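You will see two complexes here that share chain A, one where it goes with chain B and one where it goes with chain C.
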Partner chain A sequence: MSASYTAVGWNRQKKIYDWVIAGLCTAYLTLFALLTLIFNDQVTLETLIIRSTSTLAVLLLHIILAIGPLCRLNNKCLPLLYNRRHLGVTMFSMALIHGVFSLFQFHALGNVNPLVSLFISNTNYSSLPAFPFQALGFFALFIFFVMAVTSHDFWLHNLSPGIWKTLHMFVYLAYFLVVMHVMLGVIQYENNPVLVIMIFTGMAALTVLHLRAAFREHRTDSQQFSKQLEGFVCVCDVQDIENGRAKIFCIDKERIAVYRHEDRMYAIHNVCKHQGGPLGEGKIIDGCITCPWHGYQYLPQNGQSPPPFKEKVSTYDVKLIENKVWLNPIPFAEGTEREGALIKN
Partner chain B sequence: MIKTLRKRHLRVWIVLAIVLPIGILLSWLVIPNQAAVKLLQSHEQPLLPVIWKSKDLINYQVTIRTNQQHKQWQLEWVNKKILEVPSTVIYRVNGAADIAKNELIGRIETRGSYTFPLQWIAGKEQSFQFILYDFIHQQIIDSINFQL
Partner chain C sequence: MNNSEFYIGWQPQAPERLAKHSQSIVIILFLLIAGVGTSLALLQKRFSTARFEFGQLTEVKGIYQSFPVPALKVFTGNDAFGNSSFITMPLVGYGKSGAEGVIAQLEKNYRFSFDNHEITVKGTLLYSDGKTLLQIDQHDHPLVKVREAPVYGRKATIAELGTVKLTGEVLDPKCYFGVMKPGHGKPHRDCAIRCIEGGMSPVFYVRNKNGEANYYLLLDEAGTKMNSELKDYIAEPVWLEARAVQYDDWIVLYVRRGSIRRTGGLSWFKVKDGDISCGKPNGSLE
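Up next, the complex of A and B:
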């Protein structure tokens, strides 16, 4: 969380995250090079770079796409989400190296502009086995490029979260293009089924994860609350919520996070103003509700970010009757002070 | 995530869950049984002992080889430099006006040595005239003629 524009708001966690990414990528590339040299000592440096960076980019893309649903299914995966954008930029860098070297190796030595050659050297668009798969890779790389250059919060604020999220959902189209780029490209020249099995397994795992997470979210959205009293809805017992944590309830199609902080219960809108993160899955740090996605913070009693930040979310009325938590789903204006419900021991 | 985004994600993944397996399956089914490039010859086949004629050009050396009985013939092509056109094939001219109807000898790509068998039918008038052809841009790159 930063009050003004900074290229990267470095902190200890981000540094650790990036060192881990760099270490794992280096280890992968080294291992790939060693194994290739053991089994194919005729390989050229260009080919080695093209193959190692492409496989690493595909692997990273699968990890990136798995992080979202994994976090929704299990809170322990949330640290992976914290700096996912740096993982995305790393993936784009690997894909870019693969693209540039491929363009040079296969299209740069002729008398035609390499980018033009990429599109005119194969025009078999009506044939599946001879399909110009390189064009699919090019368009996927273009989407990754747009995502990488707009990944900073500067663009999130200037484009608005809605447009930014829509733009970044093109990653799914890019994923489809990458899968077809691999299937119609390298796999057409390989008799070994291992690559097909790997791509299929990756695709199946991602699909199952995303659909499982989506249906689980759908169940949360479909919660029914039978007990109602003067506009309040009985949602749970007091002891169901541990101190410093929250539970999320969906009432009238809105998700509300009920937090227990010290000796009081507070309720705020569940959606973080930054990127729509689930505030109810976070925890209270330094007296502030902290979004699990990127660490944006809000005070539980008024839903306002601590100064100098200006983000605000709606607050709700909570009351406790005989050890039960009752919640009024009608929101107060964003940033409205509520005293919370006192927990009597 | 807000509810609209959650719905959008769900819809996208329902579509991907249908489209991706179909795409993978179709791509897998159309994998050719043989390697796509069948015209590349390895240098591992033994070279015939007699050099019948040879031409040493700037970019490549072209040699016609035969055996002692002159019953087997070979074209040995050594690329000294990387070809500027990657889509290059060698045709042996048989007099056809359409280049594609001449005898296709093989494809050459990177720097190195390539060996191709040449047909020889005794008693029939034949030539050892070759053209280097860029099949993508449909241009003759070079013509090499060995006088009989």
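Up next, the complex of A and C:
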């Protein structure tokens, strides 16, 4: 028996996702440009480009940052997550257009190099009202650039998932820089409070979503297990886990997914090697535990991705006593074969 | 979520119920995009009617004066009493630079000073709010003609207006009067700094209590350029004390050394355009 694999490529779902992104961006840019040209017709082309792309980038950034916690709160949002990096690259592209046009508009044709001018023109770093907000935008754009160029899985594998994930967590620093870029920049020029209200609403929404998701995870993580026997911890009843699915238990600060597959119970480390997705929220498909985030797969009996893939996660011992599931939280080396616990009917 | 609703991105088709849910999300996103885009587009501050005749060269004849700023006195005709009337058209250079370099090069070529000579130059006009400036660019070979100035029926008006204390904004005239929108305020701050460091003559923008805009040229007490001293005060509300002198249709403020200071405060909490107004204590220029 053998299996063959083909690259996922731009499959139908990816195409739909990208068409939706293109539709959203086109709709926004067209609407913004048309309304500005109709109701504020003295605008210059440069300003129109700078403003439409920047506001779109900020809006996309909020959507991108909301997807993570939304998926943790509601599995139905997972289709938004699969190609989130496409949304990220699109957001970076908009921010880049904004940045390049701004750099040319405000710093080119002067007596110093535009990139030097960006840092030496306004040096009032000690004054909040006069703060050089453009430098904040530059650093945010730099972070987005690094994230965009490393968004492909090639970089994830070469940098290692840990470094890659850490690198991409800088998006929160970039978000802070963007907020300050707006608050210390254009908001000090505009009289209408709509932009301030939108920024604060966006910040509040993201904060609430992240806190709710964190609270939910904390509730799972703080579950106490009182019964212990020879290193095993009693975690649940057998019927609590439906076939092909898992429950996640946090013991000694490690999340472990206990899966029920056919007539056996298996336990593996909950964190996917790809991007840290929660394997315990996945499903067994074709005999493999499938990560809900990007569909990475692992065999339940050894935590190994089926060949030719090489990802491996730790496995754990499980045993059943009467109707209870007992889990030993001491991990075996990644990819270690465990026979699982036989469910007796 | 039941077993049949598990989503895998690399499969060609999403489960039906998830696909429907995703459609709802897409509709919400389009509504969000429409709402945000409409609000932001409609609620932007109005752009000025300033104009920069980009790509269009105009020949302008006038008497060149290097003081208080490089400018042409352009004859606009005689009034009912037979007096000549003029407008002063400050000169600016290409990009973010003043006109002095271009003029100096031309004077070097001709080996005499153009001061108080009638010159005809071709350049790009920019104008707004009753003020007109002319951009001259070395690459356009701007000098068309130079000759001794004719005698006109009126001398320049020079009037001492006393000491004034004003709150306003230091800006670069090229961007404000034509090239950029907005050409002032915080978003434009870096550009204004670059322009003024590049030799552009700084202008002080003051809005009086009737909402009318007044523009003043800025020099130091000795009548020399103070571009580098102004760098830290550009594009934000500042207060200054100065001796005001009228030169025809422009007023020059000879700024008292050390008198400039920020009025302070983030504009979204405190100072807005409408709050920029003439000071009263020792006189005003309304």
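Please note the rule applied: the second predicted complex is superposed on the first by the 331 of 345 C-alpha atoms of A that agree within 3 Å, B and C clash if a C-alpha of one lies under 4 Å from a C-alpha of the other, contacts with A are read in each partner's own complex, and residues count from 1 in each chain.
The criterion applied here is as follows: a contact is a pair of C-beta atoms (placed from the backbone, for glycine too) under 8 Å apart; a residue touches a chain by one contact, two chains touch by 3 or more.
In this text, all values refer to a predicted model and were calculated from it rather than measured experimentally.
Enquirer: Given the alignment on chain A, is it a clash or a fit between chain B and chain C?
Expert: Here the two partners, once superposed via chain A, clash with each other.
Enquirer: Scan A:229 for contacts with chain B and chain C and give back first, second, both or neither.
Expert: After superposing on A, A:229 lies clear of both chain B and chain C.
Enquirer: Could you tell me if A:205 is touching chain B, chain C, both of them or neither one (first, second, both, neither)?
Expert: After superposing on A, A:205 lies clear of both chain B and chain C.
Enquirer: For A:195 in the superposed arrangement: first (chain B), second (chain C), both or neither?
Expert: In the superposition, A:195 touches chain C alone.
Enquirer: Given the touch rule stated above, what does A:124 touch, chain B (first), chain C (second), both, or neither?
Expert: Once the two structures are laid over each other on A, A:124 reaches chain C alone.
Enquirer: Counting residues of chain A touched by each partner, does chain B or chain C come out ahead?
Expert: Residues of chain A touched, chain B against chain C: more for C.
Enquirer: Can A:217 be said to touch chain B (first), chain C (second), both, or neither?
Expert: Touch partner of A:217: chain B, not chain C.
Enquirer: Going by the contact rule set out at the top, does A:342 touch chain B (first), chain C (second), both, or neither?
Expert: Neither partner.
Enquirer: Regarding the shared-chain residue A:278, is it in contact with chain B (first), chain C (second), both, or neither?
Expert: first
Enquirer: Of the partners chain B and chain C, which touch A:330 in the superposed model: first, second, both, neither?
Expert: neither
Enquirer: Please indicate which partner A:116 is in contact with in the superposed arrangement: first for chain B, second for chain C, both, or neither.
Expert: A:116: touches no partner chain.
Enquirer: Once the two structures are superposed, pull the chain A residues common to the chain B and chain C interfaces.
Expert: Touching chain B in the first complex and chain C in the second, residues 106, 109-112, 121, 128-129, 183-184, 187-191, 196 of chain A appear in both lists.
Enquirer: Can you list the chain C residues touching chain A in their complex?
Expert: Going by the criterion above, the answer is residues 1, 3, 5-14, 18-19, 21-22, 25-26, 29-30, 32-34, 36-50, 94-97, 180-182, 185-191, 193-195, 197-198, 232, 236, 262, 264-268, 272-273.
Enquirer: For the complex, give me every residue of chain A touching chain B.
Expert: 106, 109-112, 121, 128-129, 165, 169, 172, 175-176, 179-180, 183-184, 187-191, 196, 199-200, 203-204, 207, 210-211, 214-215, 217-218, 221, 253, 255, 271, 276-278
Enquirer: Residue numbers of chain A touching chain C in their complex, please.
Expert: Chain A reaches chain C through residues 8, 11-14, 20, 23-24, 27-28, 31-33, 35-36, 39-40, 42-44, 46-47, 51, 55-56, 59, 63, 75-80, 82-83, 105-112, 117-118, 121-124, 127-130, 132-134, 183-196, 198, 242, 244-245, 282-283, 285, 290, 292, 294-295.
Enquirer: List the residues on chain B that touch chain A in their complex, please.
Expert: Interface residues on chain B, with respect to chain A: 1-3, 5-6, 8-10, 12-14, 16-17, 19-21, 23-24, 26-28, 30-32, 35-36, 82-87, 136-137.
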